[in-house]
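The two complexes that follow have chain A in common; it is paired with chain B in the first and with chain C in the second.
Now for the complex of A and B:
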């Protein structure tokens, strides 16, 4: 009796020590990851910008001094003043508030279009890579065809068919970015599916579907996360370009690209209108690119320091 | 080598065929018919019927597709509703204009990009490397239309050095033509130049870690010879791939640049067509751009085979 009790205790002690060892290994891994991720100074700065932009987007209604749509017709194209820190635009709207609200548009376009592209692209890549044969050829040739049309042109083309507006812009940018994920995932699947643990799972009775979802998919995730971070920036840039061309977000919604385009009309009188939103586009895209680079380096030890 | 080239041409043909199918299907999935969209709400049924018949929109979809494809093979790209002209000659007029902006931009981007990349790699970890890398990272993040506007503000409105916008053929007035091209070419070159710099730098850093570079150095070759003759030659391979890939970005950029600087090229033609809902022109320009990109990539892949004996051997 006593013996059994001590056995149970010993087993408990062993399992808790295993648990704590696993925990400390996990902690160590995450510490190493953080160290590799923040290894370069610009990354800290870029990460800070990403955090600030997310906060701006979330808090825009609280911190904006005015409504982004409210027109102060007595103060059209006014210079900086305590009431309007960055002045007002051609319709008398507060520039700073519109920039804050523009963060919402840019980040939501980045988020949704990356999610659309990632979900469809990864699924297509998994199917192409695992099923192989004519399905693979068909999917990949269609991806090649999509890739042979430049991103902006393809987004413009889809936008011209779908129409303007936030949802349609997200959808067209999302579709445009699908091939990147499909290609990347397919390549990963081709590499992973030869590995022993996949064969072992197959022998253990895993169906093609479970094998793909449970074993191959998680292993192809980290390069896709890197791609998604980088695409986040590209999506913001494409949205800004479409809005600049007048094919993006419908007015009066504040979009940085459209603000640059509107500001261009008053360049001589009030250059701030075109210059400041552009700085926000550049900073945001730059920050996501740098964070993407750092993620890639941290997830792939071979690239560290390159 | 011949087999490699033939296989690669075959692939391009398949891809372009899929592009035509994709573009056509997307255009026809659009709600509403092109004629009433173009003519607007004031159009009478008689007008709509007349235009529908004239442009063949009353025929079955498959017949329309067949007509478009056979037309493309014969160099007949269909008629523009808005311009009331054949698309082929319209496009031909504008290709030259676009080329006069894209070609110099491409050459500048490649040359300066490679030089800056090599300088950064050779000075790895030093101040020059940090400055070049930071600038290149900004270069790939910056919206080119915004840089274009900054230049207009500074060089045209403040300094009065360059005209704000417009296009003058070099044959008409060489000096004015060049002046008008400076800003568009520079702005267009910026993004690809930054990409070339990044790619060259990382390819050079990878190559310089190889054993054969150590061998070259240890046998006493001058650093210059090692970098130019051994490192750069091998680093050029990924750069050539990037050249093919950057063509697409460059053409995408022309749409923005041509809008900003009011240049009557292919990009502005596409924008006008989109605004006018002139779908034949949209369909044709998208296909034309895809074809240009496909041909450029084909050339790159074939060059690849010539430059790198390993690829030749593999095939």
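Now for the complex of A and C:
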């Protein structure tokens, strides 16, 4: 019904040149995404580390040379040997096996607590930023109060209320990290909701809810991805501190953090005990940070090179 | 005779991941003492890069000046190190620069006196007292009253126009031989723009300084420049005296530019002729005419010949054009031409009986908070008692300088703000106090086109989803297939390829994005569209495309536009009736013809006087009456008529009482006691 000759012609002229490309648009998108994601060389390496760590966690029972709990009190603090590639700890347990099993605990603490913090924090930030008024004040004052207490002390307090155990450690670490996401998201939302496309959606009949979910949320997300990858590392480290202070994972369960704190006691006699799990923590945290950055860039259509 | 500045065959390249971008490709020009030359071209034409190259201000890497000579007073500037002592003496010493953005080029934490005196001391080696005296003198010279005390103020205490004056003062502080104004007035309002350009012109006359105006605005060129260089794709495609360029443009691009801009002297039925297509990608450019793909005069042979060089135009002394063919305004186009006239509908009395929008005594006040307790200390009366009506099928233009409240009117009419007082009657319904749900049926019938096409599109949404979203939101009871079909139809209507529906906004060019915004605004088949500065962020050739599209759509769909713009020529071109706003009030409202032909309000007259016309003949015969002063702050509105503080005819009576908007002639309403 509404057609202008010249415009139709213009459109047809445009279409002929690009038809084939548009047909496989979805394939093209995923190809572009992969290209943008792996654009920098360290990302390939970091992504490899992440894959290896996940495999270690999944396959720990299969690939571990020994049981992580079996004590050999006659052979404590032994150096590397063919039987124990990384030696044994203060109770004569195989360090390598404990590191493999520790991957399970450390990765799941990192992932689960970050997920808890991210989900709740981002939701609170969205509500505070978009609704505003007293809701905003209430949420943000609670967040400020939480932030005024040091992370580890807060986690210790929550841990003592909730009790020990892997699940509770994840939960308490998740809770202490909520305010970071809430603040960051709120700031983003305050900025994004001023933008013309949010106004445009409002004129186009979008309710507050659809506008928030469809436009404000996706456009407030990218700094959260960076924060999440940084928090992933902090979560592993907080778990280590909690374990060190005796409020973390129940012994004899192995976690990298607990191993560092155990090995720390023997730093002079057998530095491998503390250093190797430390290296695993470092590599994992680094790899997740790099992957997170790459993910943010690849998800942003403006940063993704055409 | 040697020139003040002579640039020969300048080449500047930028290294990019995909190859080498030749931003400046063999540009030669010269400027003499006391001369005003202009560089015209659209964004990306290399006009600014050329100037920065001559000052060795190109970021290296990725940029590099790979060839040419820049002779300034006989010395080749390229022999100097970019950061060396000699170059710094030239830059800011002998050549002063005024940039587009006056806020970012001044340091916000230093007083302007300090910034000005620093520059003087650095280049003229004067002591404190002498440099202070010189600063006072300079501020006076650029038209800032009470310079002694204003030197102690910070940049934010000045208005945009004042800051640009200060930038000029800094540029002039060392008595430069050459002043470069890079889009120096683009961000300013028309009346301020005219003041600043007039100021620079006077300085040139008095001090024999040369001036290079870099601009995209042909009208400014016609009014001020002696000679013109037209740039396209990093090359000068035409140069000559202003008169020659405007009288007998000889390059297709120059002709295209002139046909694309509306002017205050146009016949109303003139149709703008856009330049089709896009600038060719300059990365790894081929040795052929860069304008080839957009040229309406191109012949087959043009594609086989190498990049054309500037050749003298026959019968004229200093006029050169880089085209293989001999092109004149009357030349036959090889590509089908767009009609040069359009149908202008006569506005009948009948149409006036059916207003789609009635605004009655609309007031929109914003509270101002201050003090320790964050108390309300005042109000900004952004819109103060505005009444008008928009008839079905017409284009109602709303003009005024920035901050006059025209956008606030639009946003309030669309219920994005809650009006403080007054009534908004849309399509017979009073929508002033409806809540979001009650508003939905009316919202379906209105939409908006924004100034910044990129900002008004969600960067993460696909083009197709963007256009489809309103259909989903308003629950139009359409099946998925119907919606898909409608999206494709809308894409075609606005001249976009439906195959692009999976792209995200940044994969479109600026003009395409604005088309996408228009497609979205049409998706629920509304009858009323607000265009808030819808074309001001676009290049002139693209601007013409969008204006033509809006006009075509209006004819086919019977749309009504509320067209808000600061460009008076565009508003004259597109509008049936026009309202002029000043400081939150409508000061004049009439049909376009009586408003532009017999403006009655002194402010409207001042606005129209400030707008240059892209025709040197008209400009030469025109007496330039530049209005004095600046728009006062909204917080300190003058008593009585708000314009009384700047009005040349103001009397005591004007300052006592604000005049109401009354009908002085049939259909012509004015708010002035003297009219």
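Just so it is clear, the second predicted complex is superposed on the first by the 219 of 306 C-alpha atoms of A that agree within 3 Å, B and C clash if a C-alpha of one lies under 4 Å from a C-alpha of the other, contacts with A are read in each partner's own complex, and residues count from 1 in each chain.
Here, a contact is a pair of C-beta atoms (placed from the backbone, for glycine too) under 8 Å apart; a residue touches a chain by one contact, two chains touch by 3 or more.
Just so it is clear, the model here is predicted, and its values are computed rather than measured.
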Touching partner for A:80 - first (chain B), second (chain C), both, neither: neither
State whether A:268 touches chain B only (first), chain C only (second), both chains, or neither. first
In the overlaid three-chain picture, which partner chain does A:153 touch, first (chain B) or second (chain C), both, or neither? first
Now for A:219: first (chain B), second (chain C), both, or neither, which partner does it touch? second
Examine A:210 and indicate which partner it touches, taking first as chain B and second as chain C; both and neither are also allowed. second
Partner chain in contact with A:195 - chain B first, chain C second, else both or neither: second
If you stack the two complexes on chain A, which partner ends up touching A:244: first (chain B), second (chain C), both, or neither? first
So which bits of chain A does chain B touch that chain C touches too? 306
Residue ranges of chain C in contact with chain A within the complex: 276, 338, 414, 416, 436, 440, 443-444, 446-448, 450-452, 455-461, 469-470, 473-474, 489, 491-500, 502, 504-507, 517, 520, 523-524, 549, 552-553, 556-557
Show me the residue ranges of chain A that touch chain C in the complex, using the header's touch definition. 2-4, 6-8, 10-12, 14-15, 18-19, 21-22, 25-26, 29, 195-197, 199-208, 210, 214-215, 218-219, 300-302, 306
Any idea which chain A residues touch chain B in the complex? 42, 141-142, 144-154, 156-158, 160-161, 233, 237, 240-241, 244-247, 257, 260-261, 263-264, 267-268, 271, 274-275, 278, 281-282, 285-286, 289-290, 306
Residue ranges of chain B in contact with chain A within the complex: 11, 14-16, 18-19, 22-23, 26-27, 29-30, 134, 137-138, 140-143, 145-146, 149-150, 152-153, 157, 202, 205-206, 248-249, 251-253, 255-256, 259-260, 270-271, 274-275, 277, 282, 286, 289-290, 293-294, 297
